[in-house]
Amino acid sequence: MTFGVHAPILAIAVPLLGAFALPVFTKLHRSLRDIWAAAVGAFTCAMVITVAVQVFTSGVQVYTLGAASPTASVVQGGFPIRIVLAVDGMSAFMGLISALVGLASLVYSFGFLKEEQGKTLAMTLFFLLWAGMLGMEYTGDMFNFFVFLEVTSIAACSLVGYRTWESAPVEAAFKTMAMYTVGGLLVLLSIGILYGEYGALNIAYLSSKVVGSQLDKIALGLLLGGLLMKAGAVPAHMWAPDAYGEAPAQAAIVLVANTQASLYGLWRVLFTLFVGVLSAPAVGWLVASLGALTILVAVLAAVTQRDLGRLIAYGAVSQIGYMLLGVGVGLAALSSRQDWGLVAMKGGIFHMLNDAATVGLLMLAAGVVRRATGTKDLASLGGLGHDLKWTSGFFLLGVLALAGIPPLNGFASKFLIYESSFRLSPILAAIAVLGSILLLAVFARAFQGAFLGPRLREARPASPAMLAAMGILAAVILAMGLAPGFFVEHLVGPAAEALWRGRDLYLAAVLGG
Amino acid sequence: MTLWGVLQVITLVLIVAGAALAVWLRDLLAAVIALAAASLLLSLEFYLLQAPDVAIAEAGIGAALTTAIYVLAIRKTRRKEEE
Amino acid sequence: MIGELSFGVAAVVLAAFMGVSVLRLAIGPTAADRAVALDTVNTLVVTTMVLLGAAFGQVVYVDVAIVYALLSFVGTLYIARYLEGGLK
Amino acid sequence: MKWVRVGALLLVVGLLFGAAAWMRPFGRPSLAEMDAYFIQKAQAEAGANNVVTSVVFDYRGFDTLGEATVLFCAVVGVALVLRRVLR
Amino acid sequence: MNVLIYIFLAIGAVFNGLGAVALLRFPDVYTRIHGATKCTTFGSIFSILAVVIYGFWRGGGQGGTLAVHALIALLFLLLTNPTGSHALARGAHRGGIRPFRAVVDRLEEKR
Amino acid sequence: MTVVVRTVARIIAPMILAFGGYVIMHGHLTPGGGFQGGAVAASALALLAISFGFGRWKGIKAPLSFLEDLGALAFVALGFLGIGYTFFRNVLAASGGLFGAPVPPGPNPGLLETGGTLPLMNWAVGLKVIAGLGSVVLLLGLFGGEDDR
Amino acid sequence: MIGNLPFVVCMILVGLGLWTLLSRRNLIKLAIGITLIESGVNLFLVALGYVERGVAPIYTYAPPRAKMVLPTPQALTLTSIVIGLATTALMLAFAVVIYRHRGTLDARKIRELRG
Amino acid sequence: MRLFTGEGHWSPLVWLALAAGVGFFAWLLWRWGRRTYKAGTEQDMPFLSGERAPEGAHVGAPHLYWGFLQGLRPVLEGLRAFHSGFVGDYVTWMVVLLAVALLVVVLT
Amino acid sequence: MLYSLAAMLRAAEWAVTAAFALATYLVLVLWTGGIGLWSLSELIAGAVLSAIVGMVAAPILWERGGFRILQPHRWVLFFFYLVGPFFLAMARANLDVAFRVITGRIRPGIVRFNPGLKTDLGKTLLANSITLTPGTLTVDVDDATGDFYVHWINVKSLEPKPEEVCGPFPSWARRIAE
């Protein structure tokens, strides 16, 4: 037994252990808590990277929980009975995104949160959320996916309600909770239907059994509804701006990553579980047109916002549209296996990483603004660039990257999406370009309003931990912007291939031949 | 229709009745009482479906603790639903 | 087995009485009436569970009835405690 | 707006009823190999008479860990939301 | 023995039914509590006693366990039922529900 | 509440706790287990809280949260116990050790000392659920000042 | 024998819960609606595993050579019940805090976040 | 460094070079400016109107794109109404999304 | 001295609570075989469990005068009371309710009387007996004075004696619990 074999489970179990032990350490001493949190975070990141390296070098990793050996995923007769963690390229990629965002959030929260009791609880919840996201991404079992979905839901909503001394965050938390719970229950209902039909819960096994009856289609529809809601697709996106805008900054970026984890679940359902039976063009068109709608509606709503947090939140929602658009185009092209379909999927998946980094950077900068001035109202902000030099630089970088200004990473992924969605339908591409332009306008306005102009008020400078967190994300953005080819080839490419063509490999790895 | 079937049908109908009451009643405390009744009968239904484990869980959580939490929340807020 | 059928019949009869109590739950003018109906349903459910445990010939099922007998009390107490809020 | 609600709800619930009708008949599930395996082997493998418990804690123990996590989350969340903040 | 079980079951069913009917027929909360508590408790005693007799009659570990567990359930019912009714009545009175056509209400006078 | 309720609560609380312990302890033999037993025992806490007033239980919040952490940690640690094979491996079952007695096949009256790690996990989860649900009820009851009219 | 009635009842419960969410305005009523959906889903899961004339999958004092109902849905339902309780507790805590701030539970008045 | 898109490829280095060229041009423009300019004097008065800006005046975010927003007013008003902040509406739209998804999936 | 007395008292409380819990547990696990009716592992487990329950529950469950219930003759009395007068009264109560359900003839009211009971246990016993027997329902018990407020379905006098309302129960309660 080598150590690396256990890496997938350690990546999930260690944050859980960290979360459970955190209050105990806090009771012992406060500094012990920070050391413990840092150690757990570093170890988790190391595990995630180990998993990714293993997956990208040697193929799908399977880990069977509770069996005599990790690879003994099936019993005599060729069916799995235990929970299986199955990590393919896409899962590993999503794990990397979660690790990146989680690391930034953890570093940021050291300097950001002030109140001690709340800080301990929020860090605990952060670790639970992180573990939940990694669990969603690594698991190969439908019900386990649901359980981790609920873990992330509850932890995320609690974090949204962090600032209980104001009424808006709690309100946002309640709304988000209602939506998440209903979505989760729809997912559970569909899992029940699938179980009733095939008597199994393992994704690979179900995928090999599913026949595409009306019942399966209803199950797929329920899954689509629940997961699209959790991902924040228009018209069920309304919880997202509320939650992103009102959550404390370090939690909001994890919420974005959580959204992407549900998107991952959607991809897994569409491309692995149901790929053999669904009529791919129709569902692809559905997803792509929802993506286009999301882009348009979210950007237009962002234009009218007067609150910096909500403005960025709408920007984040519109980015979800690009991902849906990219992968939807890929799905529509799946049955004919056109090359541009793969390109579109690469664009959509690359955009996930870009979005996590850029929106994360913007949200962290907005958190600095809020902490510095005590408000996020754009009408009363102005001239913060005099005091917050580094923050304005980071914000500008984020704006440019998000809007797709050429040398930065946003352009790379959006370019892939434009070109390939043009092949499917020029209207989709036009909407995507229009959304991008509007987004630049929106964020230019936000930047001008908040950071430029005469100094209106004194601002408290950001603490080093916060700057370090933003620095991490900015470095990633710059790296991806300057070397997109490298990232697309070594990270995004395998992930997209795993969805595009990797179902058979996945099934073979889990079901053993 | 065996005895078991009759029992099952009665229980299911009563569950639906309790749930509908929980939805329609304006007085929140009454709605919670109806919800507790529905949960109670749901537990009986689990029992009839030969799932005693689940029945115990539903009894402990649905009947006692959920009711307690709801009642506490109503106490901390207000009892009547606004028109 | 001798008694089992009779236990089943008794259980069905009790279930019908449950229906009567749920009627009171529906029409009860005040919340207190509904709470009384809930209490009655509780007792009836406990009895039904014990009877069904005998009817199914499954010993371990009676544990559920014990749990119910203990815990319905807690729910009733909470409701009773906060009935005092009155009829605003 | 009201008709949007009613229409969408009716559609969804109608399809759900369809699902209920298309399910395998109640009382005759597919007797999947997984459950047959549990019923036959759980007593020997997990050493417990109660197959449900052996499923909950042994075969699907990870789900239970997740469930415990959910409960922990909820308690921490309630503590977070209801904490007294002087500010 | 069979006959005894049948009789007990019948008595139990009759009194439980009486409780349910009393719940419907009586005019106010307190009288309903009267009917519901007394009759259902009494009926449950007989119903459960039937099971207890059946269990002991069947004998062995299985029957004995059945009987003893049923007895424990009965004991808990006896402990909790009147207390719950008392608490409900008290809550109802404090909540401002007057007894129906009461000739005297000392508790109201006390306040 | 009145003296009647308080006295009955006093009598019945140890019984509920003992019964909850029974449900947890026999989780691998009879219906029940960590969650169910934990919920039962937690409702004993809820019973005491409602009958004696919430204010009396203010001091118990911190120990409860500590207990919950402990239960969760124990559960994860039991998962890590099997990491020689895989996570969550039931290493104790049929090993002849503490809980490793062989189980007679088919229907049987049940032996307490079987089950491998199952009883231990039951206890860990039970502890966690008692503490967790108890503290949820206490937190909700104590929020915004205890209104014990 | 009774057809797919349990499944139909599950769907009725889900529909009732959704209807509550759509039409009611009280926050606690919304929580009740979610609890109802949860009950429906739990019932659905348990009903999936029932085998005609089966007994519970517990070997303690089980009748000899009886069919047993499927254990997996019951295990899933246990998980689901606890998740439901956690959700309910959290939602009610939010509702209580909202009432603290705004003095109302009417969802139509709690619309600080819009636009 | 190159990113292949299926149609062709592009390289961020080209864009970097372009940005450098533009920057150089901007620097040139800046160099052609007046040498005598000093901040904080009369010279930083706006060129077109020639009036001194009132103290603390700031063209804030709400003032930007006024005409654009005015032109799109009906659409934006509709969007604001769409996001009504009422939980029931949120769930309604989610159910609508679910219905659409179910229809699309079931009918094809 | 005083301290050790208090410590002994606490130890006794713990022991009694633990024994109570142990008794409950042992009844639940009857017929597991081995030693007497129980197996060794069950006995050990029950002992550990009841020790823990005693530790948790003892400090909050005891009040003054609680130790009276340890005297065995009270248990015998209680048993006789349960199967004798109590059961009879209960049967009569049910017939009474049946009569009233059918005829609908009621004359309700809430009356007050003072049975003169001191201990909590006695009050509880009496209150529950009253609730389960003919035409009466305890609505409230005044903690300070020991007054009982009883909802009487057929009020015979406005200021009744305890015996009028509930027959011989107060004396039984006094005998059992005081």
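Per-chain residue numbering starts at 1, and chain names A, B, C, D, E, F, G, H and I are given in the order in which the chains are listed.
Everything below uses one rule, namely that a contact is a pair of C-beta atoms (placed from the backbone, for glycine too) under 8 Å apart; a residue touches a chain by one contact, two chains touch by 3 or more.
Note that the coordinates shown come from a computational prediction; the quantities given were computed from them, not determined experimentally.
Asker: Please give the intersection of the contact partners of chain A with those of chain G.
Answerer: D, F, H
Asker: More C-beta pairs touching across which pair, A-D or D-H?
Answerer: A-D
Asker: Quick one: chain A and chain C, Cα centre-to-centre, how many Å?
Answerer: Here the centre of chain C sits 47 Å away from the centre of chain A.
Asker: Would you mind pulling out the distance in Å between where the CA atoms of chain F average out and where those of chain G do?
Answerer: The separation of the two C-alpha centroids amounts to 23 Å.
Asker: What's the distance between the Cα centroids of chain G and chain H, rounded to whole Å?
Answerer: Result: the chain centres lie 45 Å from each other.
Asker: Once you find the CA centre of chain D and the CA centre of chain G, what distance in Å lies between them?
Answerer: 10
Asker: For chain C, what residues touch not just one other chain but two or more?
Answerer: 9, 18, 31, 35, 37, 56, 58-61, 63-64, 66-67, 70-74, 77-79, 81-85
Asker: If I count partner chains per residue in chain D, which residues reach a count of at least 2?
Answerer: Within chain D, residues 5, 9, 12, 15-16, 19, 23, 29, 31-32, 34-35, 38, 43, 49-50, 52-53, 56, 58, 60-67, 69-74, 77-79, 81-82 contact more than one other chain.
Asker: If you look at chain F, which of its residues touch at least two other chains?
Answerer: If we look for residues of chain F contacting two or more partner chains, we find 1-2, 4-5, 8, 12, 15, 19, 23, 29-33, 35-36, 40, 43, 46, 50, 65, 72, 76, 79, 87-88, 90, 106, 108-110, 129, 133, 136, 139-140, 143-144.
Asker: What chain-chain pairs meet the touch criterion?
Answerer: Chains touch in the following pairs: A-D, A-F, A-G, A-H, B-C, B-D, B-F, B-G, C-E, C-F, C-G, D-F, D-G, D-H, E-F, E-G, E-I, F-G, F-I, G-H.
Asker: Can you check the complex and tell me which residues of chain H touch chain G?
Answerer: Counting only chain H, the residues touching chain G are 80, 83-88, 91-92, 95.
Asker: Which stretch or stretches of chain C touch chain E in the complex?
Answerer: 2-3, 6-7, 9-10, 13-14, 17-18, 20-21, 23-24, 30-33, 35-37, 39-40, 43-44, 46-47, 50-51, 53-54, 59, 62-63, 65-66, 69-70, 72-73, 76-77, 79-87
Asker: Under the stated contact criterion, what part of chain D meets chain H in this complex?
Answerer: 1, 4-5, 7-9, 11-12, 15
Asker: Along chain D, where are the residues that touch chain F in the complex?
Answerer: For this pair, the touching residues of chain D are 43-50, 52-54, 56-58, 61-62, 64-65, 67-69, 71-72, 74-75, 78-79, 82.
Asker: Contact residues on chain I for chain F in the complex?
Answerer: 17, 20-22, 24-25, 28-29, 31-33, 39, 41-42, 45, 49-50, 52-54, 56-57, 60-63, 120-121, 123-124, 127-128, 138, 140-141, 143
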